[in-house]
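By written order: A, B, C and D. Residues from 1 in each chain.
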Amino acid sequence: MNAIPAPILMMENVTVDFDGFKALTDVSLNLTPGDLRILIGPNGAGKSTLCDTIIGRVRPTSGKIIFKDQVITNLPEQEIVRRGICRKFQTPGVLPTLTVFENLLVAGRKNRAWYRSFTTKTPPAETARAEEILTQIGLEDRRNIIAADLAHGEKQWLEIGMVVATDADLLLLDEPTAGMGPTDTQRTAQLILSLLGRHAVLVIDHDMSFVEALNGYVTVLHQGQILAEGTVAEIRADAQVTAVYLGRAEDAEPAHA
Amino acid sequence: MTFQKKYIFAAAAILFGALAPFIINPYELSLLGRFLALSILAMGIMLTWGEAGILSLGQGVFFGLGGYALAMHLKLEGLNLANGDMPDFMVWSGVSALPGFWYPFANPYFSLACVVIVPGAFAAAFSWLVFRRRVGGVYFALITQALALAFSTLLISQQAYTGGFNGLTDYSTMFGIDITTEYAARYIYWITFLFVVAVYFFLRWLLASRYGVMLRATRDGENRVRFLGHDPVPYKVVAFGIAGALAGIGGALFTLHAGVVSPALVGVVPSIEMVVWVAVGGRNILWGAIAGTLLVNFAKDQISSAFPSLWLYGLGALFILAVSFLPAGIAGLFRPGSGEERVMRRILSRRKLSTAE
Amino acid sequence: MHESAFLLGQVFNGFSVASLFILAALGLALSFGLMRVINMAHGEMLMLGGYLAYMTLQIVPGPLGILVAMPVAFVGAGIVGGFLEFAVIHRLSARPLDTLLATWGVSLVLQQAARNMFGAIGVEVTAPTWLNHTVSIHSGFLSGLDLPDTRIFILIVAAIVLGLIAALLNKTRLGLYVRAVNQDRPTAAAMGVNARLIDLAVFALGTGVAGLAGVILALLGPVTPTVGQSYIVPAFLVVILGGLGSLVGTTIASLIIGLFTALIEIFVDVSVAQVLLLVFVILFIQIRPQGVITVRTRALEG
Amino acid sequence: MAMKKFGTAAALLAATMLSSVTVAHADGTVKVGVLQSLSGTMAISEVPLEDAELLAIDQINASGGLLGKQIVPVEEDGASDPSTFAQKATKLIEEDGVVTVFGGWTSSSRKAMLPVFQRFHNLLWYPVQFEGNECSPNIMYSGAQPNQQALPALTWAEQKGYKSYFLLGSDYVYPRTANLILKKHIAHDGMTLAGEEYVPLGGTDFSSIIAEIQQSKPDIIINTLNGDSNVSFFKQMAAAGMTPDKLPVMSFSIAEPEAKAMGPSLLAGSFTSWNYFESLPGPTNAAFVAAYKAKFGADSVVDDPMVHGYADVYVWAAAVKKAGTFAPLKVRDAAVELAAQDTPLGGVGFAANQSMYQTGYIGELQPDGQFKIVWTSPGLIQPVPYDPLTFPGKVCKIPH
């Protein structure tokens, strides 16, 4: 058996209960540093809640979350980010009246103390890193326009860029291709793959072509519980998954159009 | 507006402002002076409401704190405290000795420091208590309105210590100089004008700094900022504290011009009227805040005597029209199709309620 | 009068004041829960109810006039409220802070209109004689306790209104839709609920209740152009304490504020009580920023 | 769209310009200022007062003017805000060059205007009852001092045999100071103080206070509530079964207009203390009431402050005639030397301390909304700005 590196994130028996509705039941999940994990599941399976729980937006009713060997279950949100987890939201969470570059600078501030902000000078290292990410997300020519003026796909990339700019070791990307056409989706997949190694990435999506392009290890969530785990091929072959997720998702599609 | 024109206008405005005592008559100068004092407060509202997205309906409180801090000194000047002298209103309120907290205000420097520190610190502390629990938006507006009501009620009811409903008035000297002469009025005007210019450039710098970017980021997406690892609370608290201090400075200068500070200036209604100055002028443009303050107040001065009931309809209509059709204010009109006007429209229409549309 | 009777009298007064707050704040809380907007002209709906009561009593004098005035004020204020929602609030509803300011403008205009139509000094609504009695207790440890009929009447009206609204929200189809939009607007809209119409209906209902409250206020005080202003700030505090659009929350918050005010006034004067009430609210949100009733949902505010 | 917005701004500016056109000067005129709140919370009281002041000016003009000149009133709005009063007073004196100003209602407005009149050596005629404790050479105080309204009421109550007093007022300067003085006298006269309570201005809930009244069982309530609070108080008292005929109430701020608006039925049997009632006998009063009703409608009513405002104008005119000039300080010096003038108030005039000597009356409200005079002070009461019992050693001396 190969030596498995110590997990960067461990969720141990996490349960989230919203006034009687169990959004997550007894979920355990380990993520490897620098590696990719894809989380899929039908609507309402608890994918976003799982992300919310990791970053402290939702507190688990029971269970533990361990990041880099430390329990982070009840830390304040900004402290969790400072430990190295950053998340992209489902609807693009860019800062609309700031320029693209300012968005990246806000995300990339190394010293986050508020009293260090009373200066018009940005440390050269931060500017350089922001320029680098700007190129990586392919928005060089959009540098100085306000984020509100970006196309939908560009906003998604900008937000991925912001998440990257925090230099977090673990990135949570919630539906990074929502609302994108096939070309942009492929481009997003390439972008995400280029992040691996430096960052561990957890992607939530249900676009199967995107999942296949990423070709990572997949976890299937269903009704707040882990249904199956495996490679894309294994999941495709799993009859149970096909029954609850793939089949139903297609049935349900028109209702959510 | 082109680059050059902009600077010509700015230079003309500054020149007129500086030379106003030689151009307009003393009465008009006194009006301009007191409205400029108010515009310092308005710039603070621009900072919190426009740039930080925090609507305060209680700026009158901080205005009043600044005004009273100075007025307390002015009431004590010329009194022989060792002799047991007291301001007149304390005598007829049945107070037997000057209350302890009044004593330090006999020192003009202490009093001037309080003009800035008391409202600034109180605003910061108050907003911290609210923001730290992530209460904001409409809730914050309503809480500040309750604050304005409570503060004016308290001022009125503690007559023996505050002068009550009458407020503090009838002062004559500061630093031993007669402040009621026409000559003194000019200097008070120039001091006010200097403050307006200084505050304008200070806020320009502040808004261009990284702090300014963080503040707008917080307004745009408080949660996004939080999940980028920043604590948004201090940015908002600092903005509110600065706005409080500016309101205090404005209040003190206004008190010097008007010769009176009273609860009528700090309650619910005046506090909300202050917001309309900025709404009319432009909530995201500094000079708009100044222009709006001057315009609304001069209009009020002229219209309310001739047509008092028309003025109230007009003020009501101004609220409705300014926020409905002119979210970037009059200043926004000068930048059609670009800049603040468009940005405002965008962020304002960002949150469409009914997805059924 | 026994101390116990005095204390109990104050508790009764607290309930009586609370029932006024419930009626004044209910509409605010309902539409705030649904649309996240605060209508600063809500106080003027109280005023409108008062003037409608005054006009109704001109036409229907006599002991039962007040019972006629209540539905008239409810419908009248509801119609004006509906128009306000349609003309101003709906247009601005994506911008809650701007809605606040625009509706303040509406309130100024309405006050001035009332001044021009009815005069600044206000009009008088006389309580019917069947309310001019008190329930007095003459023996026992509560001897000396007097409960005025008017106040008992107000308690009853508030209880009935609460009961009807609760039934409307929990038992009817309209109520189902309201709860659906309240919990998840996009989904409800997708399921075919006309969210737009629900907003309008709830807003009109809320202002209608305010109109009704205006009739009740007219029994206790004058009807003046600014009568709404004296109740509106406590009503806002009720909304802050009550939590988002919850009927139970609004009721509990009204009771907390009513009882707090009545009991603290035993020790301090009314002005200081007002300040202490604000301090209390600030302290309260340190402990429960989400209000007395929290609905824990996944739809946290973005 | 942009044009439309400009239109709004332009209309606003145009309105500004239009209204700044001032009354043209002519040799045969003299300007006086009339400065009352035409907007804001005080407009309700001050607008009728301004009407009365303007009526007097009209009458004097109609009978040939003053020293051969027509009086031109310049009206300004104090907007119920002291700093606006100070600002407008400055404007009237500096810009319009008025020779005197009639105006003010709240003490706060008078306090704010006082330094302005002192600085410009001009003269203000202040027509409303107040708490005393002020003595300015540039103000003529015609409204009652505490010893002309509050103390006569106490004297009357003591004569009626009331022993236990409950003081209730709005929380501001006049009630607090008046009650401070009353408390000294109540203690001095060996009476008991049953309680003292204040509600914020505009306060509407009296449940707690009524409970306290029920508990302390006073013989009479001395009421210094202001404006709307009165209606709430009397309604809630009635609801609690304590109508004025069962527990007497002596009010200092309820006059004919308030009684008319509140509905006399609510107040019938309650008492008030003033220096004027519409029901006073005498031809001067009858003529005034008739003139007022002719101009403002048969159902309009007049009250004490309005009549003081009206009388101020006539006393000013008499003083101008005596002095032979409009110079404010000469007119003032003439005013305190005048003999008593015949006014709707009866024969009144200004004492050396520039306050008015006048008669005190207690009225009982009748079902028709008028007051029946039940007590009259023995002779004219000289004004005493500083109550000797409460503020020993303070006197008002103005050198003339």
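One rule holds for everything that comes next: contacts are C-beta pairs under 8 Å (C-beta built on N, C-alpha and C of every residue); 3 or more make two chains touch, one makes a residue touch a chain.
Please read all numbers here as calculations on a predicted model, not as lab measurements.
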Chain nearest the overall Cα centroid: B
Per Cα centroids, the chain farthest from subunit B: A
Of C-D and B-D, pair with higher C-beta contact tally: B-D
Separation of mean Cα positions, subunit D and subunit B [Å, integer]: 34
Distance from the mean Cα position of subunit C to that of subunit A, given in whole angstrom: 45
Distance from subunit D to subunit A - Cα centre to Cα centre, in angstrom: 72
Centroid distance [mean C-alpha coordinates] between subunit D and subunit C, Å: 37
Junction residues of subunit A - those touching two or more other chains: 57, 89, 93
Residues of subunit D touching at least two other chains: 43, 171, 198, 200
Shared-contact residues (touching 2 or more other chains) in subunit B: 153, 156-157, 221, 223, 309, 312, 350
Subunit A to subunit B touching residues, read off their complex: 55, 57, 77-78, 81-82, 86-87, 89, 93-98, 102-103, 105-107, 109, 112, 114-115, 117-120, 122, 146, 148, 162, 166
Parts of subunit D lying in touch with subunit B, wherever the complex brings them together: 2, 5-6, 8-9, 12-13, 15-16, 19-20, 38-39, 43, 75-77, 79-83, 86-88, 90-91, 94-95, 106-108, 111-112, 114-116, 119, 131-134, 171-173, 176-177, 180, 198, 200-201, 390-391, 394
For the subunit C and subunit B complex, residues of the former touching the latter: 32, 35-38, 88, 91-98, 100-102, 104-109, 111-112, 115-116, 185-186, 189-190, 194-196, 199, 229, 233, 236-237, 239-240, 269, 271-272, 274-275, 277-278, 281-282, 285-286, 289, 302
Touch list for subunit B against partner subunit D, complex: 25-27, 30-31, 34, 88-89, 91-94, 153, 156-157, 159, 164-167, 169-172, 180, 254, 258-262, 264-265, 270, 295, 298-299, 301-309, 311-312, 314, 321, 325-326, 330, 333, 336
For the subunit D and subunit C complex, residues of the former touching the latter: 41, 43-44, 47, 171, 197-200, 202-205, 207-209, 211, 214-215, 228, 231-232, 235-236, 238-241, 257-258, 261-263, 265-266
